[in-house]
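Two complexes are shown next, each including chain A; its partner changes from chain B in the first to chain C in the second.
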Partner chain A sequence: MATKRRTTILVVLGLAAAILVAIWKPTVLIYGVQQAGLYAAIAIPMGLVLGIVHIVNLAHGEFMMIAAYATYFACRATGMDPLIAVLPAAAVTAAFGWVVYKLTIRRALKAPELNQLILTFGLGIMFSQLVNLFFTSQTRKISLDYVSASVTIGETSFGVWQFVFVAVAAAMAYGLKLFLTRTTLGKAALAVGQNPKGAAIVGIDVDRTYGIVFAIAAALVGGMGALFLTRSAIFPAVGSPFTMKSFSLVAMAGIGNIPGILGSAILLGIAESLLRAFRATRGWADIVFFVLIIAVILGRTLKWRKS
Partner chain B sequence: MILDIDRLETGYGKLKVLFGVDLKVGKESVGLFGPNGAGKTTLINTIMGMQKPWSGSVKFDGLEIGGKATHLVARSGIALVPQERELFPGMSVADNLELGAAWVPRAAGIAKRQLDMVVELFPILKERLRQYVGTMSGGQQRMVAIGRALMANPLLLILDEPSLGLQPSIVAEVFERLALLKKDVAILVTEQNVRESLKAIDRGYVLENGAVALEDTAAGLAKNPHVVSAYLGI
Partner chain C sequence: MKKGFAILAIALLVIGTLAMTGCEKKPVGTIKIGGIWPLGDITGRQGSMAAQLAIEEINAAGGVMVDGGKKLLELVVVDDELKADKAAAAVEKLVTVDGVEVLVGGMASGAELGKIPAFKKYGLPVVSTGAASYTVENALGGDASWYFHLHPWDYNQGASYAEGWAAIQEKFPDIKIEKLFLAYEEGAFGKASWDATKVLFGGGGYVIDGAPFKSAALGGGDYASVLEAAKKFGPDLFLWAGYDADALPMLEQAKAMKFNPGVYLGAPPGWPADFGKSKLAENVMLYGMWAPSMNDTNVASKKFYDGFVAKFKEEPATYFAPLSYSAIYIVAEAISAAKTTEKAALISALAATSYDSPLGETISFSKSNVIPYQGIRRQKILQWQNGRQEVIWPFEAATESPVHPFPAW
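Presenting the complex of A and B:
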């Protein structure tokens, strides 16, 4: 089927790029893959919501930002390590996601897509502005020793901590696959994503399922918020580039294609890392996502015109 | 009485479609006939909670279900084979069937038994349990939809135009299978193909312009001059 083929193409392209870069400049590959892990781990929950609830959540990165702020203050107050806060942050963000779903998203499910986009876009702006209002735009960071751990192999030396994001992304993709294909609730979620009317007819509570899926996605990106705090400084607008990059990855992979998000992330992570490696192209690194997404959309439009 | 509909009225926006429909289904097989646009699907959607009644009542197994949410109606023991099938195209036949039983208390713990019964009824599904439903023909999908409804071990099975888009040979087959089912489950079936369905039902209603025009046994309907001229096309 079409998604299968696209996944294969993305994975093959990603691997080919990886091998080429590995031979030529190993650190570019390593940092590219680490970056890909981060992007994929943030994008996968967005893909889950798009695949099942059919909503593009433009407040996605802001959920991560809020979880990171909550973790930051909890850690500052108690001296706790953000790593310990990953699960509590996930639980709190899940509850927050559920409330946001109940109060806003579910009322827009039948609305035109543009209204849904405006709603989630507005939520995102509201979240970051509220954080700005209460906590100022000051950047905040927690310094941790283990983050700078590095390894030297031959002549190349690189940081290893960020491989944790690769592991998390892979675990997320695999865990979600198991959930959606092996559990009663997961299969119901898949069914709701494919045909909400048919799902209601067999006795599935569609609204509740949407709420649960939204909460699961919030939990995942909330846990990522705590994890993100181990690597980066945070500020109110820290989430929004991740919303855009997640959207690029999800669009490139195609709706409901979680393994495809991993493939796209590796491709774009390496491309970005490659551009960053040269002074002349460094400034272009942040644009590569959007150039590729435009290329993908144009490509698809052309194919659609032809058929 | 398993299903007892009393003076039901409903419609879309300002357009009234059902004008006080009375219909009963006991432990039997009941046909619902009528021309395109008479309101058959609207009546069924109202039973199933996909359409809110404007007035009147829908009682199922003694309880009022008019206006209840669809998933609650399904869990209470009504299984629907919708006109448009409404399957899960990207999932396997096995998963589609399993989902028919997973959320209905009446089917709890007996999914295996129901599955055996369904594949006995439609042997072709047994060979195709792993196939994606979206890749199957319309006739096979119709069988999956009927199978999925039976998985719920329903008290009442509703079929909306089960022969729509099927070859005549398969239509005859579907009705043969329905005739086998009627001793275990109450059936309400809408059909344009009156001739075939008369073989599978005990009683029938003719719905015209949103009201019951006629109500009789299968044998009575087969002899009725209006039915003969309007629906049997002799």
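Presenting the complex of A and C:
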């Protein structure tokens, strides 16, 4: 009851702050929410593997990068729009994720978590170096008219395409919540995440569950790779900064709290946008990103110790 | 009688063959040239390819004359991975293991700084294709008589931009630049560009403002705040100093925000693949040293371009390719002029270089602010027109007139 009341107060306070920012400088809120949508849509798949089945995947951003490259070359060859490629990219990355899981990650699951960390870190480097070897470091981008779609209110014009990431992140968060609470596989994933031995005793195929959840996360981040191509240029190292940001957002939201990733991303996106609006604080966005994360994690740890 | 004719015929044949062999004088032995580039980067990868092309062309023409005989050239390439420590190790390896007699290459200033102690230790002739930062020149010192720097220093580039814009405004009176805004990436490259812009344009009657952004190459890619600041300032010339990953996304965001500066100019080290095919690229200006459009007006450029495309089945994407190609020809011509690879003689021959380059100018060396041998001093102002980079300034190398203003969205 107390937790629910506290959450309600936080939401109300957040909304009030957002309204104040919107009145004072609407673009801060607009750009902040747009950036938050991108961060969240990339981080939520990591939230699934890290938070639910506790696999630390430091090659997360590289899965997105590979999907973006596959989309780029498919679009160049066929003239297809990256938006049409979202589902095929998701399917291909899911299959790729399944193979990577079977060949490598499953062998490190019973070892200490540091092994997974080093393994996936190595996989990430290998993926980006292979792409560099085959396609060079030259950046690639598909120029699309609709990404420059804009709305003008008074004297302010702003792009609206990036709101698509907000919608995708919200759909992912809601879809995964339904998946985890309403489907047998989702419930099995929760059980495997909490107690793999117990789950095996009650008849859940633990290895299969791990593999499917990893493939679903790969599919989601793969679909995001195709969508990411509409907004950004791609190059072999494009994914790695998003691995770090995703990891931080998952930690900030609390392991296992998928909707919380969306909330954390909005907080960070608006904080970044707010700082960039002032000349004196334009370079502080990255610092504040990590300061906020440290503050939230420390606060949560202190609260846990008290309780 | 028949036997006598046969002997005479054989004798004539042997004499003829010997005479012809003597005339040909096949090249004997090789001269090793060490090349250091960042091979994971398009600039270095294509730079090394272009250097190899030059080596093959020179060897196909018979090599170089040394000590009364012909020798072939051999290029030994090492990747510096854009890192100072790797670059330093590359010099050591090339000199001590491979036994090279001349060094060429270079791109990033940071990597070049790493090479300098080894350069000084061995004192071999170096023809450098990169390193724009004045800190490299300061580290080399005034007595680096073995260092031949082809790429303009940062202050050379800045001065040439100021000169170019003044000349363009004079020739095309409808182009008026009074207010200038620089969007610069947060790293060392962007900040150095901002400092240089303030110095170069600050005193020239221009009103200047600027703001940093986090480049997509370094995990950023959101340009809304910097474009909003620029739009509020209302510049006649909007210049961004970032990386190729920023080029199209920044344009897309500028269009979404209806940001219409008179001149929209980018200064990345390279451009993304197929940038020219984007509708947004039309009339974007850029700084550079070479563009394929120069093939229409420059014979050396066309020879280089055709050779590169024929050999590698791809277009040279940045000016580092013709620059590296030029470096090899400069070395080859100096060896032929000196007729030896002995250090002092080769350095004297390099100092007397006069090479008609594919970059649209004859390269010769003269003293810069610090070092004795500086090659190119001017960058060019170019513009994307109909998918091609056209040279706008210097006027003697121009392939098109500037289109102004930048299209309203």
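Quick note on the criterion: the second predicted complex is superposed on the first by the 277 of 307 C-alpha atoms of A that agree within 3 Å, B and C clash if a C-alpha of one lies under 4 Å from a C-alpha of the other, contacts with A are read in each partner's own complex, and residues count from 1 in each chain.
Here, contacts are C-beta pairs under 8 Å (C-beta built on N, C-alpha and C of every residue); 3 or more make two chains touch, one makes a residue touch a chain.
These numbers come from a predicted model, not from an experiment.
By the touch criterion stated above, A:149 is placed in contact with chain C alone, chain B being left untouched. In the superposed model, A:197 lies in contact with chain B only, and not with chain C. In the superposed pair of complexes, A:279 makes contact with chain C only, with no contact to chain B.
In the overlay built on the shared chain, the residue A:184 is in contact with chain B alone; chain C does not reach it.
Contact with chain C, but none with chain B, is seen for A:232 once the two complexes are overlaid on the shared chain.
Look at A:115: by the touch rule set out above, it reaches neither chain B nor chain C. Residue by residue along chain A, chain B and chain C are tallied for touches, and C comes out ahead.
On chain B, the positions that touch chain A within their shared complex are 48, 50, 69-71, 74-75, 80, 82, 85-91, 95, 98-100, 102-104, 132, 148, 152. For chain C in complex with chain A, the residues that touch the partner chain are 40-42, 45, 186, 211-212, 214, 216-219, 221-222, 224-226, 228-229, 243-249, 252-253, 255-258, 270, 272-275, 277-280, 317, 409. Those residues of chain A whose C-beta lies close enough to touch chain B in the complex are 1, 184, 187-188, 190-191, 194-195, 197-206, 256.
Interface of chain A with chain C (complex): residues 27, 31, 34-35, 132, 136-141, 143-145, 147-150, 152, 157-161, 231-233, 235, 237-238, 240-242, 244-245, 273, 276-277, 279, 282-283, 285-286.
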